[in-house]
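The first chain written gets the first letter, and so on, giving A, B, C and D; residue counts start at 1 in each chain.
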Amino acid sequence: MFSRITYVFREMWASLSRNLTLTVAAVITATVSLFLSGLTLLIQEGFDNQLSAWTKGVRLLVYVDNDATPEQLKVFTDALTQAKAEGTVVKDFNYCDVACSVDVAHKLYAGDPTAIELYNDKTTPSFFRVIPVNQSSATQLNQLAERLHGLPKVNAVVSPDQMITTLSVLKGFVGVRSLIMSIVLLLAAVLLIWNAIRTAMFARRREIEVMKLVGATNWFIRLPFMLEGLVTGLIGGLIGGGALLAVNQDWTDGITTRFPANSGLAAFVATGSTPWSIALAMVALGALVGAIGSATAAGRFLDV
Amino acid sequence: MFSRITYVFREMWASLSRNLTLTVAAVITATVSLFLSGLTLLIQEGFDNQLSAWTKGVRLLVYVDNDATPEQLKVFTDALTQAKAEGTVVKDFNYCDVACSVDVAHKLYAGDPTAIELYNDKTTPSFFRVIPVNQSSATQLNQLAERLHGLPKVNAVVSPDQMITTLSVLKGFVGVRSLIMSIVLLLAAVLLIWNAIRTAMFARRREIEVMKLVGATNWFIRLPFMLEGLVTGLIGGLIGGGALLAVNQDWTDGITTRFPANSGLAAFVATGSTPWSIALAMVALGALVGAIGSATAAGRFLDV
Amino acid sequence: MIRIENVTKTYSTDVTALRDASFEVNKAEFVFLVGPSGSGKSTLLRLMSRQERPEKGGVWVAGRNIVEMPNNKIPELRRKIGNIFQDYKLLLNKTVFENVAFALEVIGKPKQVIRQQVPQVLEIVGLEDKADRFPHQLSGGEQQRVSIARAFVNRPLILLADEPTGNLDPGTGEGIMRLLDRINTTGTTVVMATHDQRIVNQMRKRVIQLDRGVIVRDQHRGVYD
Amino acid sequence: MIRIENVTKTYSTDVTALRDASFEVNKAEFVFLVGPSGSGKSTLLRLMSRQERPEKGGVWVAGRNIVEMPNNKIPELRRKIGNIFQDYKLLLNKTVFENVAFALEVIGKPKQVIRQQVPQVLEIVGLEDKADRFPHQLSGGEQQRVSIARAFVNRPLILLADEPTGNLDPGTGEGIMRLLDRINTTGTTVVMATHDQRIVNQMRKRVIQLDRGVIVRDQHRGVYD
């Protein structure tokens, strides 16, 4: 049994090194494709985190003219209470009257005497603060903002930044396309591994023929080749996963040092164990790709 | 002569189709790598356009407290005149006194009575408008802004958006990394084409041996293989270049329809004939890669 | 040991290589297959190790009909048979020693058995000093002897030899024949296809003659023609 | 036509395959190379078409010393020589017709010449009805005949034949020998390595005998031994 195992590994290694360039090409393609797949996932994760960071801080501020009557204010309260009861967009709301609003402004511009002078109970409008439900989308918030804008005495509705919409669209655009690209490359990787195995077997078809003629079993013949494909895919997965972690580290570092502090990209990172899970998934995917490629390739040439 | 040409093409075709999976894998890898290279160039172009669009509109506004004396204002005028004389950052500047500033504010908030009320000659600071030299970088502008901020009676310096800095850094970050990735893939493509040719020649080494023994010249033997590599690279270049144009079209369309009008990405496109030039360069690069791969591969096996 | 019963073999090219052939070979018998080029000798040998399957008839080897044998039993069958091929079928990237050892290795023989038996058998075929050569570093006849060594390193029950002396000079050829004879006397059944008139006439063994796929003569202690 | 002068050939494995060999073959001569397996016959033939280069000595073919010939002149030399290889060297993915046509195609012969000459030569070796077969669909002897056909379809000045009858039954072998004789009488120089005692004795041509790389006999109208 032991001699069989050494046989399998020796043969695998011989075949790997004999086909060196093809193996290297297969590894590179597997690496890049797995790296791209992982990167797609990481970028998606970054988008998600950035979006939720932006969305989480979102407050819809509805500024109401100071001369609004209590009846007019009640229209707002009613509309928002109803929306809150529906529960899809509005999670909660509260009213900040003129005194409260001046207070907020003075806190906000604490260091700026001119601004503090500017905001007095004449000039500062009161406002409703609307806290959206966590899962509510940017579109829904925009719709709500428009509805509220239609009410009387509204001075301004400050809605979530259009940046959020832009980012969502960008996420979809980039995500779908990089996914397609990585799938195409993954396909190329399967094909290449399939091919490396087929080439290896083709180059050794005489050997295989002789092995069969002297009574070797099909599994004995097949094993080194299958292992070869598995190892090729695995190496690709390891390098690709490693590169992924490195680039992720690089980016995460860059977020805090390279970019201006206030660049608004601070949340555009995958956090915690996510990069590791993705990298591990890539290693597993590499092994799977290798196994699939080599198993299908090794199936041929072996009809006794 | 004619029979030679048909021979070369017939043999090339036979070899291409016999090695189908390897050829397909080589084409895919060439395609994706060329596509990525092109995409890198396109993205760089987009960054450049976006950056220059943003930089073009930049004005440095230096707000001065209303109680500044003419002597204090002269300090500003002197500093800016000097900077203008140096010519590296400041192209021109002018002073907008309180009346002018109120006027500007009223124009800006024409539709907003509250705001108009807010901006009167008590509350509105006068300002210097600094027009930067076209080529001046974001860093230079920021330095100037800081210098001016140090002067007495400065209320605020509104400097070019930090977004520009962010974008520049992003350009560098994305650019270098996608370039590396596409170069790695390009290497894989060369390797694969080299390999496809080597495999083709290896599979036919008996044939080559016999050809040599019956008196075929080396060029006669080599030509079909070299053509095969060239065609592989060329096909990769054509598909990659085509995909590049398609994605570019898709993105450019998306800029105006898919993203919110005000997303700030309107300039993030490559314009005019640039995408075409890049796509053509990719086709040429593909052919070059194929030629290099096959020429080096065909050099082997051919020592008489 | 081997029984061929009404075997007809037709190739895809509409060539009938064998037509209704029947004969039996006993244990420890020595049989020459003779006949002109293309008469079906190699085909007959290939049928006996299931490299081909006949359209009609049965092929019994060591008591089992191998025509209907499932694929996963074939390796077992082949381990009982030593094959000497007309075109040697040596592995070009292995040395002489490795080529012979290979036949033991793939059927799972332990290292020490290999280290012992391979040099023995190389000495028998006169190649002990060429164990480290690669096939392309050997003359045609030397390659043929490697293929002979490989075929019986495994001490098979049956030895199927396709022109084992085709590329040997008379002297070396006679050596090989003495060897096959010795193997035969230890109980191994030998079936050998040959064109070598001299050898057949010298050995005086059973001769089965083929002509265009038909057995035209089956003679004990026969001559070439 | 061919002149071998003090040729010594040593292989990388420290085997001296030829030692100080000298002889001359005239135009239209017929020479048998004989000797035991491994004595250097194939090596000698390979030297004549520059498949190998000697360490010492000169090899003149058609008036030129081919030892120092630059690589780009080799194709021209080989077009003057027909080679029959001990291991046939057929192209497995080409039919019989294509294998023979190939030799004309690669040296740029036009289509109509190919269409005319290939069937002619296939008829001569008795394979006219097997033109569309692939090599694996042929018996050993049939493959050998394809390689013979390919070697002289080009009507070469010199024919180098390495055991062209090794896998042929005596009948077919005699046919091939008559053919080589006929080719020889039209002015082609023939050098043939062989083990076939009967053929050498029948033909009564010049015999050069090798033993371990040394020419031990050079006899006109000689016999095998």
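Criterion: contacts are C-beta pairs under 8 Å (C-beta built on N, C-alpha and C of every residue); 3 or more make two chains touch, one makes a residue touch a chain.
Remember, predicted model here, so these are calculated numbers, not experimental data.
Each step here moves to a touching chain, and the least such steps from subunit A to subunit B number 1. Contact with both subunit A and subunit D is made by B, C. Greatest Cα centroid separation from subunit A: this falls to D.
Highest C-beta contact pair count among chain pairs: A-B. Averaged Cα coordinates give subunit C a centre that lies 29 Å from the centre of subunit D. For this pair, subunit B with subunit D, the centres built from the Cα atoms lie 65 Å apart.
If each chain is reduced to the centroid of its CA atoms, subunit B and subunit C end up 70 Å from each other. Chain contact topology: the protein chains form a single closed ring, every chain touching exactly two others. You'll find the chains touch as A-B, A-C, B-D, C-D. Within the complex formed with subunit A, the subunit C residues making contact are 49-51, 71-72, 74-79, 83, 89, 91-93, 102-103, 105-108, 110-111, 150, 154.
Chain contact summary for the complex, subunit B toward subunit D: residues 3-4, 7, 206-207, 209-218, 220-221, 303-304.
Touching subunit A in their complex are the following residues of subunit B: 21-22, 24-25, 28-29, 31-32, 35-36, 65, 114, 117-118, 123, 125, 155, 162-163, 165-166, 169-170, 173, 177, 181, 184-185, 187-188, 191-192, 194-195, 198-199, 202-203, 247, 251, 254, 258-260, 262-265. Within the complex formed with subunit D, the subunit C residues making contact are 11-13, 15, 34-38, 41-42, 86-87, 133, 137-142, 145, 162-163, 166-173, 195, 197-198, 224.
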